[in-house]
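Okay, got some structures for you below.
Two complexes, one shared chain (chain A), two partners (chain B, chain C).
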Partner chain A sequence: MTAEVEARPAVVRLAGRAASGRSRGFLMALPPMVLIAMFIGFPVVLAFGFSLGFTGGLNRTVALIGQNVHAAHGLAPTFSAYAEMFTNARFLGDLFVTVVVTLISTVLVVLLALGVGLYLKFSGGLIGKVLSTLAVVPLFIPVVIASWAILGFYSANGFLRSVAAQFGLGFPVWSYTLVTVVIGSVWTSLPFATLLVTSGLQAVPQAMIDAARDAGASFWRVVVSVVVPMAGVPIIIATTFTAIGVLGSFTVPYFTGPNSPNMLGVDMSNYFSSFNQPQQAVVIAFVVFAMASGIAAVYVWANFRSAKESGAV
Partner chain B sequence: MKLRTAFGAAAAVTAVALALSGCAQSSTAAKGGGAGDVKTVRVFISGDTNIQKLWTDDLGPAFEKANPGYKVQITLDLHGEHDAQTMAKLSASVAQKKDPGFDLVDGGFVPKASAANFLEPVDSSKISTLADIPADVVKAGGTGGIPYRGSSVLLAYDSKAVPAPPKTLDDLLAWIRANPGKFTYNSPKSGGSGGSFVATVLDKYVPADARQKMTVGYDKSLESTWDQGFATLHGLNPYVYQKGVYPNGNQQVLDLLASGQISMAPVWSDMFTTAVANGALPSTVKATQISGPSFTGGAAYLGVPAGSPSKDAAIKVADFVLQPAQQAMIVKGISGYPAISLDKLPQEVQGKFANADTNNLRKGYFDSMTKDLNNLWDQKVPGK
Partner chain C sequence: MARTGSRVLVVVFAGVLALFIIGPLAWLAVRAFAASWTYPNLLPDGWTFRWWSVVFSDQALGIAVQNSLFFAPITVLASAVICLPAAYAFARFEFPGRRFFLIGVFAANAFPKMGLFVSLAALFYALNLMNTILGILVVHVLGTVVFMTWIPAAAFAAVPRSLEEAARDAGASTLRTFFSVTLPMALPGILVAAIMSFLASFDEAQGTYLVGTPDYMTMPTQMYSLVLNYPTQVAAVFSILLAIPSVALLLAAHKHIVGGHLAEGFQIK
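For the complex of A and B:
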C-alpha cells in the first residue's frame, strides 16, 4: 500500500514480481494438478462413460472381462445399469443402511468430540487432558486390527458377554451386526474430529465467555449461544469429514458387519471382484460419489464462510 | 524464499516419483528372456504366502538345480488383490504384442485368461505330463490352463462335541437343524470353503448334464436349476451360527471352530492340515469327507502368457512341476493334492491321502458361473 504512494517504479517492479510469483506458484501447483488429472480425473471420466454403457476404447478390456455389462448403442448413453441397480432390492437396502449408519455415526462422533472439547475448555485439568489424549489413540491403531479387536470384544465369547455371564446376565451379541459397524466407525473417526473440534473450541476467546457469564448466562446458555456458534466452522468441517469417511468406509463394515444388508463400500468390492460385475460396481461408486459431493458442498460453504470472516475473500 | 521454493520443488518431484512408483506392484522382476546365457523364468503368483513359499523354497531351487543355466524368479501378488490389473496387463500385452512382465502365472484367473485367449495354448504334445491328468480337469482350465496342484473342501468337526460326524449331505443338513448355532460357513464370495458347501447343496438338485455344462462353460439359463438349493440354504438361516451369520473368509470360520463357538464347518483341506500342524486348531478337531454329493475340490492352474518372450522355458518349468518328485513337494510343503494320479507318487506320500480320492475330486463350477453363484447367494440367502 505505502509503496504505491511513495514510489511508482516500485509498483511496476512489485507487480512484475507478483506476476512471476504467480506463474511460479502455478508451476509449483502444476505437478500435483497434472498428477490428479492423469491418475484420478481421467479414470473417473472413463468409469463414468463405462457406467453409461460406453464399452469401447479404453473400456474394452473391462467390458470384455466383466459379466452382465449393459452396452450403449452408438453415441446415445444408456442408463440401464443405473436402472438395474435402482430396482435391485439388495442395493436399495444397502443404500438405506449406508445412509443410516453414516448419520448415526456422524452424530455420535460430533457429540463425543464436543463433549471432550467442552470439558477441556471449561474444566481442563488432568481429566480433560487424559480424555483428549485418549480420544486421539485410535489414530495410531490400524483400522484392520481395531476391527478385529471390536469383533472379538462384542462376540459371543467376548469380554462383555463374559463379564455379564459372571453376574448371570445375558449381554447381546453385537459382532456381525450394524451395531459393531457404528462402534467401529465412531472409533476410527473420533480422533480427527476431536482434534478439529477441540482446537476450534480452544480458539473461542475466554473474554466472550466471561462476558456472557457476567450477563447472567447459565453454562448451557454459554455453550449453546456463544461457544458452539463461534466454533461453528471447525465443527462443520469435522462433521463433513466424518460423514464422508464413514460413507465410503470399507474395512470396518467388511470385517464387523452382517452379510446383508451391509454398507455400499463392501458392495462395491463385492460387485467388482466377487460377482465380476464391474459396471454395477461403478454405478454404486457414482451413487456414493454423488452423496459425498453433497456433503462436500457443505464443507466448501463452511470454508468459504470462515475465509470471509477472516477477511481473505 | 529461495530455500522454500527449492524445498517446494523437491517436494513436488518426490511426490510425483512416489505416486508413480506407488502405482506399480512391488516386484523384483528384472528384464526377462535370454540375458546372457542365463535364462530367467519369471513366475507370477496370485495367492497366499504358502504358495510363494512353495515356489521360493521348493519348486524354484529344484528346477534351477535340475536345469543349470535357468533362473526362476518369483513375484507375489498377495491374495490376488491386483487380479483385475493383472488381467488388464495380460490383455494389453496380447493386444500390443508386448512382454506382460511374467512368463508363468499361478492364479485363480488363469481359466478366465485362457478363455479370453490371453494364454499360450498347451496340450500333451508340449507338456507330456498333461496326459497323466484327468481330461475334465484339464478342460475346465481352458486351452491354456495347466493344472498342477489341487485341494478339496472337507467337513471339519470338533470330536469332543460331535462323536459321530454326518456321512452324507442329508445327514449334515439334518445335523445342522438339530444343533442350532453350531454350524456356519463363510460367504461364498469370501472364500472357497463356504463356496464349496453352497455348491454342494445346490448340486443336490442340479441334473447331472446341466452340472457338467456349468463345470466347463458359462450358461446363464441353467441357473434356474439352483433355485431349490438356494431355498434350502435360506431355510438354514435360523439354525446357523447366531441365527444366520456367515463370516467373511475361510480363516474366520477356522477361528470360530478353534474357539469352540461352532462345532462343525466346511474347511479347505490344506488350511485344515496346516492349522492342526501349527496348533491353531486343537487336536480334537478332525476332518472327514461327506458323500451324496461330496464337497467340491479344485485344481490350481498355471498359464503361460501369449506375450511372454520365454515361453519355451516357462513350459519347461510347468512340465517340471508336474513330475512325481515335484508333485511330492507340493504334498509335503503345503499339504496340497497332487495333480497327477497318486500311484505315480512315492509310497510315503500316497499314505497321506488314505481318506481322500485325489483323482476324483468333484469339480467346482466354471469361473463365471461361480461369480453368478456368489451374487445369487448374496441376494437369496443371508439376512432375511
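For the complex of A and C:
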C-alpha cells in the first residue's frame, strides 16, 4: 500500500521530465536547424525557383547579371534551362564521366577499406596497424595539397615516370586525365570509409566467427557469409558517404582532371564564374543533388534498419 | 608454404598502399628544398632553403596564414556553441521533429558544395555578407555542422544513464551532473568533433574563394593562385606549412579518432 503511494509521485515526475524534455530538446536542437534552414534550405529553394525560371525577388540580381537566363512567364515554371542542358553534348558527356568516376572510385575505396578492415580483424599485428594508419593519413591533409601532390606524382616528370625511365621504360602520363581524378578521389575518400568499415568489422563478435570456423567454414566463406553481412550497415553507410562525396567533388577534378570532359562540380564553377551563366550552374547543381538524394535514401534506410535491429525505435 | 605466400602478398600490398598514400606527399615535400630538378633524376640537382625565405618574406602569403589561423578556431567555437546543445538534445531527449532534424543535417551535407555556394551568392548579396568576415564564418560553420552535431551526439548517448541517475540520487543538481559526469565522459568525442571542424574550416577553399576573394585570402584559397603564379617549389613550401597544424592534430588525437568516435557519430539513431 505505502509502496504504491510512494511510487506514484516518481511516475508523475518521470512523465513531467519527459514532457519538459520534449520542449527543451526541441529548443536545444533548434539553433543548428535555423542555421541550416537559413543558409542551406532557403537558398536552395530560391535556386530551385531560379532554375525553373522564376527571376523575381531575391533572384533578381543574379538574373540581371547572368547571361542566357530562361525566364518563366507568370506563375507557370519553365523547364527550358533543364532542356538546354540535357541537349548539350558537353553536359551529357560530363554527366556520364561523373557517374563513371563516382562508381569506380566508390568501388575501389570500399574494397580497399574492406581489405584493411578484414586484415586488422583477422591478423592485426604490426602490418595491420601500419595499414590502418596509412589509410587514415589523407584525413589530415587538405584536399588542395593532396590534389597538387598527386598531380606532380603522376605527371610527365613525376615519380613513376622517373623510376620507369631509370630502367629505360616508358610510363603513361596520368596527370590531367580522368585517371588522376579517380586516384585523387580514392586518396581523399579512403580514411573516412576505412574508419567506418573497420569499426563495423571490429564489432562483429569473435564467437560467431569461431563458431563458423568450427563448423568447417573456410576463411572466405566466413568473410562472405558472416562478417560482411553482420557489418552490413556500416559498410553501406561508408559506401553512400563516399559516393556522395565524390559525386559533388570540385577540388580534385578541378586540379587534376582534364579540361573536358570533366566532372560536374567543375562545370558548375565554370558556368557560374567563367561563362557567367548562373542558371545553368544551378541546373547542374540540382542534377547532382538528385543523384545524391537517391544515394542518400539508401543511407537513411540503412540507418533506420540498424536502429530497428538494435531496438532503438 | 601458402602462409608465407600470402604473407608476402600482404607486405607487397602494404608497400603499394604506402607508395599510393605517402608517395605523392613525399615527392612534393622534397620539392620544397630543391634548387632545380632534372627529369628523370630521382633527386633534385641541388638543395636550398631559398623557397622558404620567398614564402616568409611574401606579405600576401603571411596574411593568408594569419587569416587561416583566425578563422579556424573561431569557426570551431561558433560551431560548438550552436551545435553542442543540439547534440545533447539528440542524445537525451525524444522530441517532435527529432528524426526530421537528423535527416535535415544529413540532407544539408548531401547537396553538392559548389552548387550550394552558387545558390548562396544571391542571398549573400542581398544580406551584404559578400566579402565580409561574417560571411566567411557562415560558410565555414555550415561545413562543420555535421561533425559538431553527430559525433558529440553519439558521445553523449554513450554515457550510461545509470551514472547520471546515480549522481542525481546522491543529490547533484542537473547542471552539476552534466558538468561532473556527462561532459567529462563525452569529452573525447567532442574533441574529435572539434578537430574535424577545425580541419574542415582550415581546408575550406571553394566557399571562401567565392565569398572572400580578394579581401580575405586563407591558406587554401591562396594555394589556388599560388599553384598558377609561383614556381612549384613555393607551392611545395606552402603545402608543408598548410599541413603542419593538421599533422600536429593527427598526432594528438589519432587514438580517439581511430578509436571509433568518428565512426559512431555517422550512424543516425
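In the analysis below, the second predicted complex is superposed on the first by the 307 of 313 C-alpha atoms of A that agree within 3 Å, B and C clash if a C-alpha of one lies under 4 Å from a C-alpha of the other, contacts with A are read in each partner's own complex, and residues count from 1 in each chain.
Going forward, contacts are C-beta pairs under 8 Å (C-beta built on N, C-alpha and C of every residue); 3 or more make two chains touch, one makes a residue touch a chain.
The structure displayed is predicted, hence computed values, not measured ones.
Visitor: Of the partners chain B and chain C, which touch A:S132 in the superposed model: first, second, both, neither?
Guide: second
Visitor: If we overlay the two complexes on their shared chain A, which of chain B and chain C does A:A149 touch? Say first, second, both or neither.
Guide: second
Visitor: Applying the touch criterion given at the start, work out whether A:P261 contacts chain B, chain C, both or neither, answering first, second, both or neither.
Guide: The answer is first: A:P261 touches chain B but not chain C.
Visitor: Examine A:S274 and indicate which partner it touches, taking first as chain B and second as chain C; both and neither are also allowed.
Guide: Only chain B is touched by A:S274; chain C is not.
Visitor: Comparing chain C with chain B, which touches more residues belonging to chain A?
Guide: Touching more of chain A: C.
Visitor: Which partner chains sit in contact with A:V226 here, chain B, chain C, both or neither? Use first/second/both/neither.
Guide: It touches nothing on chain B or chain C.
Visitor: Would you sort A:I141 into first (chain B), second (chain C), both or neither based on which partner it touches?
Guide: After superposition on chain A, A:I141 lies in contact with chain C alone.
Visitor: After superposition on the shared chain, which partner residues are touched by A:Q67: those of chain B (first), chain C (second), both, or neither?
Guide: After superposition on chain A, A:Q67 lies in contact with chain B alone.
Visitor: In the overlay, answer first, second, both or neither for which of chain B and chain C A:G200 touches.
Guide: A:G200: touches chain C, not chain B.
Visitor: Given the touch rule stated above, what does A:R161 touch, chain B (first), chain C (second), both, or neither?
Guide: second
Visitor: Residue by residue on chain A, keep only those touching chain B in one complex and chain C in the other, then list them.
Guide: 24, 28, 31-32, 35, 39, 61-62, 156-157, 255, 272, 278
Visitor: In the complex of these two chains, what residues of chain C are touching chain A?
Guide: 10-11, 13-14, 17-18, 20-25, 27-28, 31, 37, 39-42, 82-83, 85-86, 88-90, 92-98, 101, 103-116, 118-123, 125-126, 138, 141-142, 145, 148-149, 199, 202-203, 205-206, 219-220, 223-224, 227, 232, 235, 239, 242-243, 246-247, 249-250, 254, 257-258, 260, 262-264, 266-269
Visitor: Can you list the residues on chain A that touch chain B in the complex?
Guide: Chain A reaches chain B through residues 24, 28, 31-32, 35, 39, 61-62, 64-65, 67, 89-90, 155-157, 173, 175-176, 254-255, 258-261, 270, 272-278.
Visitor: Which residues of chain B touch chain A in their complex?
Guide: Residues 5, 8-9, 12-13, 15-16, 19, 23, 83-84, 87-88, 91-92, 112, 116, 187, 189-190, 242, 244-248, 259-261, 368, 371-372, 374-375, 378-379, 382-384 of chain B touch chain A in their complex.
Visitor: Sort out for me which residues of chain A touch chain C in the complex.
Guide: So the residues of chain A in touch with chain C come to 18, 21-26, 28-33, 35-36, 39-44, 46-47, 50, 58-59, 61-62, 112, 115, 119, 123, 127, 130-146, 148-150, 152-154, 156-159, 161-163, 165-166, 183, 187, 190, 192, 195-196, 198-200, 202, 233-234, 237, 241, 244, 247-248, 250-251, 255, 264-265, 268-269, 272, 278, 281-282, 284-286, 288-289, 292-293, 295-296, 299-300, 303-304, 306-307, 310, 312.
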